[in-house]
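Look for subunit A in each of the two complexes below; its partner is subunit B in the first and subunit C in the second.
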Partner chain A sequence: MNAIIETRMLNFRYGAQEAVRDLNLTVPQGSIFALLGPNGAGKTTTLKALMNIVEPSSGEAFVMGVPTTRLGPAEFQRIGYVSENQELPEWMTVGAFLDYCRALYPTWDAAFCSRLTEQFQLPLDRKLKQLSRGMKMKAALLSSLAYRPRLLVLDEPFSGLDPLARDEFISGMLALVDESDWTIVISSHDIEEVERLVDWVGFLEKGGLRLCEPVAKLQERFRRIEVVLATGAVRESPPRLPHADWLDVSVQSHALRFVESQYQADETNRRVQEIYPDAKEIQSSPMSLREIFVALARCPQTSSLKK
Partner chain B sequence: MLPFQIQFKPGQTVYGQVVYGAKKAIVSGLLRPADRFPSVRQLSQELKINPNTAHKVVSALIDEGLLEVLPGVGTVVAKSPAPNRPARRELLSNEVERVVVEALKLELELDDVTSAVAQTWQRITKAKL
Partner chain C sequence: MQTALLPHLIWKDLRHVRVVFGLWLLLLLAQGVLIGSGFSVGPGQMLWQIAYTILAMGIPVLQGLVLVILIPLLIQDESLVGTTAFWFTRPISRGTVLAAKVLFIVGLLVIPPLVVELLVFLANGIQTRDIVRALPQVLYTSLSLIVPIAALSTLTRSFARFAIWLVSVWVAVMAFGFVVQFERMIFSMETFMTDSQNTSLLFSRSIAAGLCGIVGGALVIGNQYLTRRMRTSFVILIVTVASSICVQMLWNYDFLKHPESAANTSTFRTDSVSVALNPKSVFANDALQFSPMSDPRTSISARFKFSAVPHGYQLEIADVQSELTFADGAKLPSGKVTALPGLPNQWWASALSEAIDGVPVLNGDPDFGEVFGQVFSLDTSIFQERKSESATLRGTLSLKAKYLTVVGRLPLRSGARMVDGSRHVEIATVVKQTTGCRLILRERKLNLWSTSTFSQFNPLAGDGGVYLLVNRARNQAILPDQNFNFDMASTLLQATAMLVNRSIVLDFSGSRRDKEIVSVDADWLAGAELVRVQAESAGTLKRELTADNFVLSPKK
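What follows is the complex of A and B.
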């Protein structure tokens, strides 16, 4: 696995507050990587540190093998960055803005740019300040796609976009990955909109990385489990917290429910039987990325699961 | 437009669902031998899925002999795609699993399920004649 992004013990503090804590993040080249986590988990700060917009308090970060604090024009000509609150030269028309960007990037692909302009239905003669939020985001994306960057970094690109604009935005992203050499990093607090796109996820929680792995592996090891207990046995709560791998445990009348984060049919069944020898039936169902994300967010690793 | 449609369901892998959808299209005759199969790029863009996943889907279908690559033409449905029996049976596994789970919930026995299947089978095949 070739890493296009790598951080080692990255820390970032705003005053006394730790926004990013001992972060060791690796993004494999050729992946569509989602950086997930609740609001305030440190996603935006991490991406800003990677783009050398903010300087880390300590630790190291590398993008395309270059320490982020030494990223210069040569690297930025191969990186596209679009953030939720991107500042655009509002007084410019779309056309003037694109011409301006074009001059900055030797690899600018004029044909690709016109194709995307048409696909995004961007009015070249309108001023940026006259555009809707969705249109502005599309203009920002276009200006970052047209030079065919090797690495595209998108910070909450979908927030506030209507479904149609979101669809067009995703098509534009996928048009880039026609080429062989690309990686996309997307941060989001809601995975639903990119669930089918991403093949790697990193989950940030309170500035630290809780997990970082291929989506396929994640979906393999997470299962929602429901156990039907012998009739007549009514429990109010589990006798003790069984396993750290079990999230969101609840017992209601005859059923025990939890999310198994290290699912292996035999092992999961054995553990259930151990605690509830009268377990009648153990059902497991696969979970969507979104459900996994919600279960993780609901059960922070740092806090005790006992209620 | 793709020659087949996929209604994505949450919880199942994208890869598994697209392979399943493509196989179903081939087995059911929606896609016939020598028909062009969508390219990785088309699959990715139309279904809005990761191109790596689309690539894995096409490779898996080629490996299984359902698709073949014709130089200068592209990827097409293989000439003798009639998948063997185990392959066709596997396409039914999702449905079978659902029936078995429901049967267990209702505390039925295997015999109850097989005889129910047999009855339905006869009713439907008879209706066809």
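What follows is the complex of A and C.
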């Protein structure tokens, strides 16, 4: 696996507060990678460190094989970065803004830019400060796509966008994904929106990486399990989790429910039978990224969850 | 550095600030036309003077205010603060952005004022030598405003924050300066007066402090662009402000030697010069004191009479160190004697006469040739105790020698012109009156740091010069009356503008203290010419002074 982004024991502190802690992250080239986590998990700080906007307190990070602290014009000609908080030169019209950007990139594709302008329905003669937030995000995205970057980093791109704008944004992205051989890194706490896009996911919590793997594999090993128990006896929740891989365990009436984070049909069934020999039925159902995210967020961090 | 990108970035910046830059350029041109056209208002036209002064002083102030808006707009378009600036993740190196901003500032904000001033100087016939001296002064003036504004702009991300910082720093520096000046005024009048000298290469504190600010500001800008380490930049900023304040207070090295110490004294034989004090002229008065905590003091002044001063020279007192020895053997050293620097010259009739080939100056004050000055300072309580006692005064006088020489002659008619270096004088109007005549002169000169002194406030002559009417056929010369026609516009402008056009009104009645000495009628004026005599520094000398039977408060 060729990594386009790699961090080794990356740390970043704001004063005494640890925003990123011992982060070892690998983003495979060609992937669409979602960096997920609750607010304050360290997603934006991580991306800023990767883009050399902030300098890490310790550790190393590499983007396209270059240490992030040495990222310069040559690298940024192949990187696109769009952030919810990015301050655009708002005095410019959209057209002037694109003209300004065009001169910075030797690989600027004017035809592609025109097509995207049309697709995003961006008014070229309007000043950026007169645009809605969604339109500004589109303008920023367009200015980061038109030169066909190898790596596109989107930091909370859906924040502040209304549902229609989000849908347009994602549709636009989906339409483009197939066109180029690029890597996209999206940070978001809005999992449902990115689920449609991504094929890899990293989950950050309190500055640390909790998991990092392909979405398909993640969804394969995470299953919601419901066990129907024999009637008659009153059941209570086990005082402690019988297996570390079981998350969010609850017993209601005659049913045991939990999330299996290492699902393998036979093995899971065997474990359930060990504890509840009177189990009458064991049902497993696939989980969405959002459900996995919630289950992970609800249970304390355990190293065994990492793959 | 991405050299190919520089025009692109500069063009982008120019489009961004085009309106404000256009306004600034307009103000620059307006100032150039106003000063360069040679327009000036006569001293009698008070309303016009006020309007002209407001215009001529207001335009540079407006220019400064426009720069305060323009530079943050320029710098903060590629903000260096925070983590959200658009350009951080674009393929533009920090060095390239720095170079683009520096080129913009130098090319569009520093060079245009230089060019405008150069054109103004050329249009006004300023000599090449003086232009060469003036251009660094123009450059310094531009940079001392631009660099601090640019430095603060690199440390702030919005105009509002910049404005708050600017006002805060300005108020802090002004408050500190006020406290220091107030303390000096209260406790050390001498230092206060020295500090009040005009900014010039002869009194270099302000220039040194300004240079300190420019260098420190440039370091802040460089550090912010190349490293974006805010803490380091703030440390540099604080060190710069502190250094500038310290230099302003403590700097003792002047970039140019004072004319008297630099002057060649080889032609001035001082061996025979002696000084005596007229004990009957001794005069006591309460010393001017600002400190309510100080004990009252009394100043003792007297007339000094100089002998054997070579023809054409006159002397001024720079400092007096004196001591009294009373009959009972008690010795009393003088406190600090205030020698107010650079007051208008008192012209010695004999020296003036020598300068104009021996033509007598008829209405020269008889007191000329003597100098009235402070000789002693003591506590008023001691003065009251000892004021009638006879004592021996011994002291050392530090003296400045000046040589008087004619630098220009003009026939008495409108339009007559004289050029003395970069000083251009033209007789605008000759008004012949029943008793004498009134001349209105237009004077144009450069306010150079290398030459400016306190004496420029002399409304009658300025810059160590004086005008006389000389009638060689009758072997008579007269000084102008001591009328004080205050020219507010030129007096204020001398503090701000480099090229000053001013009007001088000279009344020649031929009288002294309302008593006619010579009849300045049409016949007399027909054979007269206007002569400008200039005092040039000729060196310094010290003389010992002893006065027996010296009484602090002699009975008149």
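By definition in this document, the second predicted complex is superposed on the first by the 289 of 307 C-alpha atoms of A that agree within 3 Å, B and C clash if a C-alpha of one lies under 4 Å from a C-alpha of the other, contacts with A are read in each partner's own complex, and residues count from 1 in each chain.
In this section, a contact is a pair of C-beta atoms (placed from the backbone, for glycine too) under 8 Å apart; a residue touches a chain by one contact, two chains touch by 3 or more.
Quantities reported herein were computed from a predicted structural model and do not represent experimental measurements.
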Combined model on subunit A where subunit B meets subunit C, clash or fit: fit
Partner chain in contact with A:G72 - subunit B first, subunit C second, else both or neither: second
First, second, both or neither for A:Q219, with subunit B first and subunit C second: first
Partner chain in contact with A:A175 - subunit B first, subunit C second, else both or neither: first
Which of subunit B and subunit C A:E281 touches, first, second, both or neither: first
Which of subunit B and subunit C A:D248 touches, first, second, both or neither: neither
Subunit A as apex of subunit B and subunit C, Cα-centre angle in degrees (nearest 10): 150
Contacts of A:S83 with subunit B and subunit C, given as first, second, both or neither: second
Lowest inter-chain C-alpha distance for subunit C and subunit B in the superposed arrangement, angstrom: 26
Residues on subunit B engaged by subunit A in the complex (per definition of touch): 8, 10-15, 41, 44-45, 47-53, 101, 104-105
Contact footprint of subunit B on subunit A as seen in their complex: 30-32, 167, 170-171, 174-175, 177-178, 195-199, 215-216, 219, 281, 283, 285-288, 290-291
Residue numbers on subunit A that touch subunit C, as the complex places them: 48, 51-54, 72-77, 79, 81, 83, 85-89, 91, 96, 100-101, 103-105
Subunit A contact footprint on subunit C (complex, rising order): 2, 5, 8, 12, 15-16, 77, 79, 83-86, 88-93, 96
